[in-house]
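Per-chain numbering from 1; labels A, B, C and D assigned in written order.
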Amino acid sequence: MTLFTRVQRISFGDCDPAGIVYYPNYFRWMDETFQAYLAERADGHKALCERLQSRGFGLMEATLAFRSPGLEGQTITYALTEIIWSSRSFELTYRATDGDRLLLEGRERRGVFVDRDGRLAAGEVAALRDLLV
Amino acid sequence: MTLFTRVQRISFGDCDPAGIVYYPNYFRWMDETFQAYLAERADGHKALCERLQSRGFGLMEATLAFRSPGLEGQTITYALTEIIWSSRSFELTYRATDGDRLLLEGRERRGVFVDRDGRLAAGEVAALRDLLV
Amino acid sequence: MTLFTRVQRISFGDCDPAGIVYYPNYFRWMDETFQAYLAERADGHKALCERLQSRGFGLMEATLAFRSPGLEGQTITYALTEIIWSSRSFELTYRATDGDRLLLEGRERRGVFVDRDGRLAAGEVAALRDLLV
Amino acid sequence: MTLFTRVQRISFGDCDPAGIVYYPNYFRWMDETFQAYLAERADGHKALCERLQSRGFGLMEATLAFRSPGLEGQTITYALTEIIWSSRSFELTYRATDGDRLLLEGRERRGVFVDRDGRLAAGEVAALRDLLV
């Protein structure tokens, strides 16, 4: 199952002295895939936050397994493959590939964060789910 | 147990429109903690790679759990708390705190990558372990 | 005159707590425009370096004038508008726009860096020019 | 003259496949030097913005001249050497060195941006100057 895909070209500056992608960039591109999904399904992160009175759909946990290295000049495809909705968090699953070759398997657990007594707290996610699904 | 610590000040540009640290930066700082540990224990990543004929001590997997948000102006301490050595990989455990407050719990699984038949492959890690422990 | 254009979508994480693009990202995208130009005209930075026995087409100077702010969700177009070739450096001029609105005017001066007596030195640029123009 | 200095260690991931610092990072560190200066002289960017009812002390122009390359493991010192105050902008001058060796000469022109009729506009800088000088 694929909910959304986004293409990313690997540029010179994304790579480290070993000549492969410096790994925090892969997390940045995973987040950018999520953001682009919000823009396609609804009006993007900013408008959704205003509508849901949320400070942001931030992270509780993020994981990547690196299956093969990404190289300068490659074009890779991030696929958002599944979202599992709980009451106060939702978990997204990703795969990044270059043709048949698997580069990454990833997972983000996010919340709908709201201000509560001066702190960020994880609110109900149902309203976001209803706008996206 | 703490093997190594490194202090990181959170700057304006590390934060996103929600006013908290943009999460890929936390992975960058986790890697920088590993690199600083290599520099303190041995001669750093580059010299160790030359000595061990490795292309790099790259990632097989990386995970962070975000326990509380990091804010502009805070100074946080990354602690490398444990390394578990297997034959072809090693796993590092991290915690980041601001005083008593826990911000992050992290984990990296890394290999000692070598060129083999034109591809990167995970070699034995014992020689690296002997230089660090 | 436009030699090359490249489109960049501004994502949530590219922006700072003021809600606008954190400015070092604009330099990253200017470099990515140069790299994409090398990929379109020739075989990209890596192949060109091997062919010209260069360590890289690095920077001597970089400048950006910020004419109006970039916002989350905008799609901006970087245009490489001119290259002026000297004997040991070349200067590239850029403009970034969102429709009629001008965001950036930029300039990079680069060299063709070669190893000479254990140091990086700026070599002749004529061979690169002949491959690109 | 030196108004403020800040030390930056160059880490593996700051460097590109040519083995030297990827240049947008130098701009990030120049901004971090400015932010650290604000924190030392006053209460930092966020508190100053609230006090001056400003959206941020953003950039109008930024320039770096790259005098010698930065390498993994080096520790460089950014020095803020001068601030020239005009009525609606201020210009900061920087130098980055590794011991006697000069790496960078930089310049930022910044404004005190305020919301005016739904747009960002450059306001008077005198109140900021009075808090810093």
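Everything below uses one rule, namely that contacts are C-beta pairs under 8 Å (C-beta built on N, C-alpha and C of every residue); 3 or more make two chains touch, one makes a residue touch a chain.
Which protein is which chain? UniProt says A, B, C, D = 4-hydroxybenzoyl-CoA thioesterase.
Bear in mind that the values here come from a model prediction, so they are computed numbers and not experimental data.
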| item | value |
| --- | --- |
| Neighbouring chains common to chain B and chain C, by label | A, D |
| Chain B and chain D: spacing of chain centres that average the CA atoms, whole Å | 27 |
| Centre-of-Cα separation between chain D and chain C, whole angstrom | 21 |
| Per-residue overlap in chain B, given as positions that touch at least 2 other chains | 12-13, 16-17, 19, 22, 24, 28, 31, 46, 72 |
| Category of the chain touch graph - line, ring, star, complete, other | complete |
| Sites on chain A touched by chain B in the complex | 16-20, 22-25, 27-28, 31, 46, 55-56, 58-66, 69, 113, 120 |
| Contacting residues of chain C [partner chain A, same complex] | 9, 11-13, 28, 31-32, 35-36, 39, 44-46, 72-73 |
| Residues of chain D defined as touching chain A within the complex | 12-13, 15-17, 19, 22, 24, 72 |
